[in-house]
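Two complexes are shown next, each including subunit A; its partner changes from subunit B in the first to subunit C in the second.
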Partner chain A sequence: MLKFKINDQEVEALPEWTVLEAAREKGIHIPTLCYHEAVGPSGACRLCVVEVVEGNWSKVVISCMYPVKEGITVFTDSARVKNVRRWILEMLLAECPASKEIQTLAAEYGIKNSRFSIKNPEEQCMLCGLCVRVCREVVGVSAITTVGRGVHKVIGTPFRKPSEACVACGSCVTVCPTGAMQTRLDAVRGPVDAHKS
Partner chain B sequence: MNHQNNIGVFMCKCDRRIESTVDLAALERLVLEDTAVAYTEIIPFACTAPGLARLKETVREKGINRIVVAGCEARILLGKIEKEMIKEGFFEGQVDMVNLRDHVATVHTLSPEEMAQKGAKLIRAAVAGLDTLELTPQEKISFNGPVMILGGGIATYAAAQELLRREIDCIIAVQTDEYEDEIRMLHEHYPGERHYYERLRKIMEEVSDSPFVRRITVGELSGLKGRTGQYTVTFSNEDNDGPPRTYDVGAIIACLDGQMLNQGSNFGHDGKTVICHTETEEMIWVHGVPSGKIVFWINDYESGTPEFAYLSARCSWSMARYMAEKRRDVDITMFYNQQMAVPLSAEERRVSRQLKIRWLPFDGALRPTVQAGFLTYCDPQDHLEYELPWDKLVLSPKRSLGVEVTRVARVLGLECEEGKFLEVKQEKVRPEQVGREPMYLAGSARYPCDLHEALRQGRRAATQTAEIVEKDKRGELFAPRMVCVVDPSLCIGCGLCKEICHCGGITPVEGLGGGIPRTVDPMVCTGGGTCAAACPYHALILQNNTSLQREARVAALAKQLSESEVMGFGCNWGGLAAADNAGVKGLKYDPRLYLLRVGCIGQLDPAVMARAFLEGANGLILIGCPPEDCHHSFGLDHTWSRVTMIKKLLGFSGFDRRRIALAHVDLNHPEQYIASVESFIQQINALGPIEKTESNREKLAGIYATVNNARVRWVVGATLRRPWEETYPGDQRNALAFDKDFQGILKEELTKSRLKNILSADKRYFELKELMDTLKGEKDTMIHSLQEMVNEGMISRVHRNGVAHYIMRA
Partner chain C sequence: MAQSQLAEQENGMRIQSIEALDALRQDILAHQDPKRPILIVCHGTGCLANGSPKVSDALRKAIAKAGFQAKVMPGIKTTGCHGFCSRGPLVIIKPAGLFYQQVKAGDAEEIVNTTLIKGDPVERLLYRDPNTKEPIPLEKEIPFYKHQQRVILRNIGKVDPTDIHDTIAAGGYQALAKTLTTFSPEEVISVVEKSGLRGRGGAGFPTGRKWRSAVAAKQKRGGPVYLVCNGDEGDPGAFMDRTIMEGDPHAVLEGMIIGAYALGCNQGFIYVRAEYPIAIKHLIIAMDQARAMGLLGQNILGTGFNFDIQINRGAGAFVCGESTALFTSIEGRAGEPRPKYVRSVEEGLWGKPTVLNNVETWANVPIIIEKGADWYNQIGVPNSTGTKVFSLVGKVNNVGLVEVPMGIPLGKIVEKIGGGVPGGEPFKAVQTGGPSGGCIPYALKEVAVDFDSLTKAGSMMGSGGMIVMDRRDCVVDVARYFLKFLEEESCGKCLPCRLGITRMREMLDTFSQGRGNKQDLDDLMGLAEAIQDGSLCALGGSAPNPVLTTVKYFKDEYLVHIEQQRCPAGVCKDLITYHIDSEKCTGCMVCARNCPQKCISGERKNPHQIEAETCIRCGICMDSCKFEAVQVS
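== the complex of A and B ==
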């Protein structure tokens, strides 16, 4: 067992655990969006940032992928962490302004508007790719993927046609942290009788 | 309670999401009141690395062998937890999950204590289900014998090549010993593929030189039996006098080529000047390339199969190119409907120009007419009618399955409909089944395709087969845990399950006909379970997920429900998913629904439904997928039949028929789910509870006995239908006539079941009048039923003072 501190609380953890897992085991709350227990972490949304103090150094890292280490001190809610999270939320608010979940979370951090330009006021998806990972790792079919690159990147199916591989299980809708997948599902699973034998 | 079971219950806090609204300490207390529960623990998370480590440690320390995790969606996380627990020696089915978060914590506005009470009832139901679980040993699948590639299609060689490269033994069943002959005849199925012959020859040489491939020439395929890993294939002897030849093989790949027919005379086909693709190829073989004006009319739009225009155009192009390259004095026109896109690459367009092959579109609004030496057509640009002169006119072929292929497909158990191809659409409910077909099929009988695609399909089928065979070689191939099995001691071989089964997993042990027990191919069975729910004799069981488990769950839940509460079943793909999503969205709704998880609503045996009422439920709602969207094909429709049966039985016994209802919910519309649930709860509360009187209990016991009655189960099983189906068996002309007959049977059997229950509960002499007072039934029905029971030898009748008395036989 490794020993370290989270917010001045002594914590013990196995080397293969991440900071986020160790914190949650102690009931310490760290906000997350793209993290889901059913799949491996991907570090897409960056919201789970924490400040890690090691010796005289301090750095801001994402807790969902940062392995625990002997002797470090982790701050989950320091001024620096809060500041970074506010920035992230402001960017997310510009990315997916229509998402109720993001709005609520941003409001918790006192953010109502974003200083960044809003491309699409109807957008709900933040492109974290959690749906893609669940489809691959939990359902095992890889029906959805990210389509396009850069600013054109969206979540969709190959050739933007309803996917043959989709089993219409709805796992992507259930795990979606922003509620975006609900409106996209019909484009993925296709018309109702496509799944009938 | 089974004392060998050591059931542990783990309740998650889930980062405040459960902890903040549910009184977990109270929940733990309530759960511990259940004597079947050996251990409980409240943990922060069951699903994270620390949580799983804690779970495993506890399981090891306390000797727990079944666990309930009360946390979140089983749909998403059960797999992960199960996978970890398997490392501790668990099997699938030994872990169950209750969605405390999305079915309780986030969707209701109740006090923490009330939340705990609701959670406890659901957990106890899950515990009862696990307590009833009878684990079956894990079945290993092994391949006894080589892979057989049959059907005689050209994809045979590609499949064999793939297998030999992976060093897997295979037998190829072909029509002729000489592969040159096969190439000679290939144009009958794949015309215009001349450029491919060299490559094909190489493949064939590699196959014939390989020590892994055994080549047999056989007669007609006459039989196939067995299951994955152990098939027996029978061919008639090619001399037609010897005994049939049989082969024991492990896997089968079917390579079947479709047939090409001539266009009818209405396109002017005469076999001499107006010919089709195969005849053109034949002409080139025999006479060489002709001179003069050759017109390729790609007439697929006109003959009603525009989907094959691309294929015909490619084939025509290939032949036209060959002709133009061989002979300079040939004038070729490709004549096509302007709706069709010219399927040439830029390079091919250049070649086409160089060879002076003309691509001439026509306006499809006017159908071109074949006249002697000319074709009339309308130009799409200037809308003038023109005439196109021709010496030879080549038409597209008509594509079909062919008689022989249809016959072979039937023997192989492939579904084939008149006028359709064998395109296999399979239920895709387990990831390992996606992209796999029960019978690996390749060739143009599957769907019209060119030679390249047929060979590709052959390779693909071989790759998939090889993956499984290699898995078996490594000793890692096991049958899925939750599939149907037949208890041969109970099975009478009625064959009902095979008719109902849509995944094609059920086969007779040997041959056709009655009296032969059935068996299930576990690698094909999807675990839908509607077949098991239909078995008249309870001989077909969905192992590790049995009806008895579901009965135990409803019984445990029904006993705990208060008068205003109702219970429901939600299927993984519809109702349950919608309920999960309602929780994710944080929608609030009436807390008086207790939802149980089920894989497909079709798994629900009518006995489970009847048991719910017997144990005290006042309302039962079954929430499945939207109509026509059942993931297990017909599970939903079958449930419809079962629900209407329960409604009838409730009605006959004086209960309200509305106490059971089927609902259709799309997983993506949780608000639909809430509307269904709230409307049902209101309905049940308007009806009031079923009074817990001795007489009501007797009636409900009668219903329960009736749905377990083999005759009733047979009739409902044989008539399981989709609501709009119009053909009815026997002399029932329509839905109403059928329903009236069915109702008659139900009434009769209900009366008999109740009489049996009464007579066996109290082993004394009953007068007819006394029985009539208890049952409040019609006199004629009752006398008829009693007479039948006497005839069956179930009860005895004696006369005392001229009055008939009835008693149960010892």
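== the complex of A and C ==
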């Protein structure tokens, strides 16, 4: 067992744990979006950031992938952490304005409005990629994937054609943290192109 | 051809021992006549584009026609970039070192007749000092070259990169021979460590320490260690690494072979962006020749050491230069970064210990081995030893590739080597470090160009881009330019970068339209910090730098945009109007003729006026007026 601190609490962890796992074990809440026990982490949403202090330096890292280490101190609510979280949530409100889940989460952290312009009022997806990972890693069929790069990236089917690989298990819908996959599953199976319109 | 014959032929070319390499070099040198005139024609990318192949053809024909005796027949050599591309095509005449610029095929006969036969310079091809207009005939006397210290570029522009004999004559592979005969792998690492060499690809990580960690990881984990050369070079306007790969590919190969020996590595990779076809071609030629001579591949120089290199073509995405994205790309997957909480010296390519170094870093290795760590330490400043190659572009008289000792004042590069801003006014700022770097104002012109000082100034060394700006450049616009570039280049994997860069750019858009307020500026700083702290890789992590440094050093200019809806540099279109100063206007009508909107009116020899409603603020009138009568407010 390794010993370190989260905020003011002493915690213990197995060497292979991440900071997030150690925090959850102890009942300390860290918000996450793209993390799910069933699949490997990807580090996409960055909502789970924490500040790690070791000796006389500190840095902001993602708790869902950062390995625990003896003697470090982890802050889950420092000014830098709050600043990252605030801006991620404010940007998400404008990015997936149709997602109730995102609105609830943002409100929990005191963010009700976004200063940013909304491009698509219907949008729910935040491109966390959980659906893709579940389909590949758990279901094992890779019916969905990310298409395009950067700002043009969307969740879709390979070559943007309806996927025959999809077994309609609905796992993607279950893991989706924003509710976006609910409306998308039809497109994955159905006759129309699956894309973020 | 029978197998045995083939083998024999190959063996015939192979250098079987260190002594044989030295003998070959002596032999090549003995057959060279130091007095024989050689016309060096630059075949770097810039000069090629300006027609240098026609120049070398024409010179060849002119020499053949002039009827020299075979004994004194002048030679022609084509080389990589000399760095002064804005003056190309360049022709240098050795041994004197006469420098001809902007040479055309039509000049060939005159060069042969006047210079080679009569021994006189062709006056109109000489470089002239932009201020005094005095000709400066010799390459080494030209200020652009005089204030440089060309260590890494020493052979570029001198050797023919497609002929390994030329490189060997210039001392190539001597450091490899020295390594294999006198150093243990541990000693090589120790020399590199003592030299203080730091990575030239951006972050400035100490190279020797990186190598030592990889050796430790290899011992801990067993299995292979890989070695990779990063030639992705994606910064807009940067061409340092391209020039090295094109002009002196053997320096990169030799550095890698020495590194491989130190690391106990048998397989290396060079990742080159596909947009660099000449670099790829020259590397392939160099590797083929090095293999044929026994300098690369199996049993190098007869010592039993095996190491080979493979070239991977980059897909052209800026983010593929990032270490973890580069590895996934070599492995054949989409080049997306992954969190680096385990360092790539431990888990890099295919999860194996991997050393990734930049092209210029590798090219530093042979000279360090050849001349020793103490010699190297004398160049530059403590903590930033050696030289650094920069591409100097923007509002500067001498645009080109320059190499200077680390620690040189920034102003000296711009003013002495670059010849300052056209027109003679002081520069406004210099962007160093590319899109991830920052903007350094004129007030800091004495800042030492080394890793730590640039970082302290809020910028960074980066890979060596240097963009000079003058008073006609608007800092808000400059910051927007870099954000736009990064917006397109973000891989989109992590949220702060994918969404945040666009949002920062949108905030700057409002400033440049005069719509922002002071609170927005504070919010922009908060968002910038969130992106720095929250992004997955250094692309997002450093994306706010141009914004942060321009706000730090030019806050007033931001405030003028926000509070007075004015753009002092006259760039932000929504905030400017053009008008004509009736005192200065001579009524020459040039502006009226050039105006695409035809909204300038006035009689010949009488002051003109601009009709504000129709004006689209393109600035063509201002650029075309010889009397500075068109003004912006």
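Note that in this section the second predicted complex is superposed on the first by the 190 of 197 C-alpha atoms of A that agree within 3 Å, B and C clash if a C-alpha of one lies under 4 Å from a C-alpha of the other, contacts with A are read in each partner's own complex, and residues count from 1 in each chain.
Just so it is clear, contacts are C-beta pairs under 8 Å (C-beta built on N, C-alpha and C of every residue); 3 or more make two chains touch, one makes a residue touch a chain.
All values derive from a computational prediction rather than experimental measurement.
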Applying the touch criterion given at the start, work out whether A:R46 contacts subunit B, subunit C, both or neither, answering first, second, both or neither. second
Considering only touches as defined above, state whether A:Y66 meets subunit B (first), subunit C (second), both or neither. second
So, does A:L127 touch the first partner subunit B, the second partner subunit C, both, or neither? second
After the superposition on A, what does A:M91 contact: first (subunit B), second (subunit C), both or neither? second
Name the contact category of A:E10: first (subunit B only), second (subunit C only), both, or neither. neither
Classify the contacts of A:V167 with the two partner chains as first (subunit B alone), second (subunit C alone), both, or neither. first
Which subunit A residues are contacted by subunit C in one complex and by subunit B in the other? none
Interfacial residue positions of subunit A with respect to subunit B in the complex: 13-14, 16-18, 21-22, 24-27, 29, 36-38, 134, 138-141, 165, 167-171, 173-175, 179, 182, 185-186, 192-193, 195-197
Residues of subunit C defined as touching subunit A within the complex: 317, 334, 338-339, 341, 487-496, 498-500, 502-503, 506, 523, 526-527, 529-531, 533-536
Note: in the complex, subunit A contacts subunit C through residues 42-47, 49, 60-62, 65-67, 80, 83-84, 86-88, 91-92, 95, 115-117, 126-127, 129, 146, 148-153
Provide the residue numbers of subunit B that touch subunit A in the complex, in ascending order. 13, 15-16, 44-45, 47-51, 53, 73, 75-77, 79-80, 425-429, 431-432, 434-435, 502, 572-573, 577, 580-581, 584-585, 626, 628-631, 633, 667-668
